[in-house]
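Letters A, B and C name the chains as they come in the text, with residue numbers starting at 1 for each one.
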Amino acid sequence: MAENFPMATNVKSFFTEIGSLSRFAGRFFKQLFSRPFEFREFLRQCYQMGNKSLLLVGITGFILGLVFTLQSRPTLEEFGASSWIPSMISISIVREIGPVIIALICAGRIGSSIGAELGSMKVTEQIDAMEVSGTNPFKFLVVTRILAATLMLPLLIIFGDFVALIGSALVENIKGQVSFLLYFNQVFDALGFRDLLPATGKSFFFGFAIGLVGCFKGYNSSKGTAGVGRAANSAVVYTSMLLFIIDFIAVFLTELIYG
Amino acid sequence: MKDENTYSSFEKGKPVIKIENLQKQFGDEVVLNNFNLEMFENENLVLMGKSGSGKSVMIKCLVGLMEPDSGRIEVLGKDISRLERTEMDELRAEIGFLFQGSALYDSMTVRENLEFPLRRHTKRMNIENTDELVLEALESVGLTKTIDLMPEELSGGMQRRIALARALILKPKIILYDEPTTGLDPITAKEIIQLMKNIQKKYKTSSLIITHDVDCARVISDRMILLLEGTNYAEGTFKELSTSEDPKIQAFFK
Amino acid sequence: MKNSNPQNLKLGIFVILGIAIFVAAVYFIGNRQNLFGDSSVITSVFKDVNGLQRGNNVRFAGVNVGTVQNIRILNDTSIAVSMRIDDRTMKLVRKNSLATISSDGLVGSMIVNLLPGENDSLASKPLQPGDTIASISKIATADMLTTLSTTNENAALLTADLLKITNSINEGKGTIGVLIKDEEMANNFKQSIEGLRQSTSTISRMVNRVNVILDEVSYKESVAGVLLSDTIAARQIEGIISNLEISALQISDVTTNLQQFSYDIRQGEGALDYILNNPGAVEQLDATLKNIEEATRKFDENMEALQHNILLRGYFKKQARIKAREETQMD
């Protein structure tokens, strides 16, 4: 089969992958609500994902706001609409660019590190060692990480959005003589709940996807160091793709709800 | 193919592990085929076989990391296939496991590594001072100074000793060694083997040692089982087996 | 986990900060939409809301005092817009106020303006929650200007047609060509002139309507705010309108000339004779058409000025230019 119909095998393995991922997600939810909860490990993971990503997210967000504003200015100035920069930038950052860019950055940082960490733990039998030590490794490693990623991502995205707007305000302040007060006044004038709430809602799903795929790939990593590399790599690739799918669904639902 | 005639005159205690007709296959590949084993109290049993002969699979079935296709495993008088998760965890507290590559947790210090097996059992076993236990275990492997180091800061031999300390921190009745000397240079391997013997005496445990290292088997074994093509091919003391004229048995000692 | 305490502290700071930013954002956005603090709902019914959306601002004397809460279509000519107004403002807005929808800048979103009304009997009473206030529509004016401009374009096209014909006469295309085309040309002439006359009458009708609006502007000072921000603009518009009238009259004159001319052609024994008998005729025709062109152009300029004034209130930078234009017009 495999030699004659490589396409068929690919399709089959694709569905198998989706199936196992769904089972993995189901297992997460099942174990999430059963005792014991590894609270200390959860906090440790929150710290690892949240605080340790802060600098990266901050720098990325700041440059994002800076560059985005610099690039949009000339076109808007041509129309004499440079006073629209705060509202335009803030809406696109809060609604779309902020969450997606920061989620992608986190997929790179958090997703790959989960994939590599769990992958190497699997390969070096550390996961087995946990099991033998009377600790449920799925609870200890997977549940805590997915939950931490789900809760930390929205915070990182809010933080990133905020820093991006500061970057944008800085450009406007220097190039356009717009005070920070006026800038943020216009930002909050332009922003509505339909910008902020759906974006925050979907960022939970972004975090969940990053944690889930990272853990799935790492936990099911194949033997050997190559397997660990593959786990980390495919965690990032699959997560990035999944992020866009989630984003599409989120935008679709938002349109449906707010119309 | 059991060779009952070469059976040793070793004095039997109570059986602690009993494996009957163990069967396990992955896809079409039969890994364990009608495997039988019995291990007694205070005994050092060495299970020898080529790599890929199913030794690691057997030992993983023994602690419930893998499920056999069929067969019966009894540990300390309990049939493990019938155990609930909590009962299994309780039973696992009685079994120390030294993994092939040490399997220390990379993200934790030596202290945290040693505390890890305790965390589930502190209440049940009334452990009040984990620090004391950690220090005691580290003392018995002679590495008290490493307590706040990370595993990556230790050499391979030290890691193996820390892993050993972790395996015996709960003072288990049985210790399972999965290739305790692989990946170590001969001198360090000898040190580890010596350490295993000392611990044996100090903690009075029964040990099941999986290895393909002949030196290791010679030094430590009370009794040996040779594993060939997924089943136990021969059984006896090191002396009996190493002098056997069966070419298949001789192949193990080359 | 020896170092877990400072870690937890940092994590706690991060989490609280993140939540604080989020809550602040929710608060500020909600504040803009008057979700917090006391506010009341009033309603006004429009014929056309011109793309007004929920959440658009409501302004009173240029200050944002609330937002559009809901827009419902009652029937094909009335659309109810309910607005949430800050309670502090409610006391200041009178029952006789008028609501009007306008655009906030060239590409801006729509806004609802609340204006002082003219019904004196209600002027003393402040607005109560749930009240419905009257509305006036500015959109009719915009429509009218569009029609005016279309008419003008038509006039320009017709002039171009006429020019083509005179050019071919001028270039002479041979007397034979003129002779052959004689009948056809006369017909073309007739059609073009008829069209031009229609345009001119439309223009004068439009100008009359604009004049009516302007009258309203000057009589009812209160409604003036809808169209104009102050009286200077009103005077400007008056000037422009009178220019428009002049242009229209000019076009009308020219059309009469042309009619006379075409009549001459028809009465004569064909164009050839006419041209032979009147050597100045072609030149005359030419001059006439140039006049038409000139008139149309001026009309166009005035139209543009008018549109700037009405659609974009506060377009005073062009004031100087407009004045200069007025002066040249007077010459």
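The rule we apply is simple: a residue touches a chain if its C-beta (ideal position, glycine included) is under 8 Å from a C-beta of that chain, and two chains touch if they have at least 3 such contacts.
Since this is a predicted model, take the numbers as computed values, not measurements.
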| item | value |
| --- | --- |
| Chain with minimal offset from the mean of all protein Cα atoms | A |
| From subunit B, the most remote chain by mean C-alpha position | C |
| Where subunit A and subunit B are represented by their mean Cα positions, the distance between them in whole Å | 43 |
| Distance between chain centroids, defined by C-alpha means - subunit A, subunit C (Å) | 49 |
| Gap in Å, rounded to a whole number, between the CA centres of subunit C and subunit B | 91 |
| Per-residue multi-chain contacts in subunit C, two or more chains | 1 |
| Complex contacts: residues of subunit B adjacent to subunit A | 60, 63-65, 89-90, 92-93, 95, 97, 99-107, 116-117, 119-121 |
| Interface residues, subunit C side, partner subunit A - complex | 1, 4, 7-8, 10-11, 14-15, 17-19, 21-22, 25-26, 28-33, 55, 106-107 |
| Contact set on subunit A toward subunit C in their complex | 40, 43-44, 46-47, 50-51, 54, 79-81, 84, 154-156, 158-159, 162, 188-189, 191-193, 196, 200 |
| Residue numbers on subunit A that touch subunit B, as the complex places them | 117, 120-121, 124-126, 128-135 |
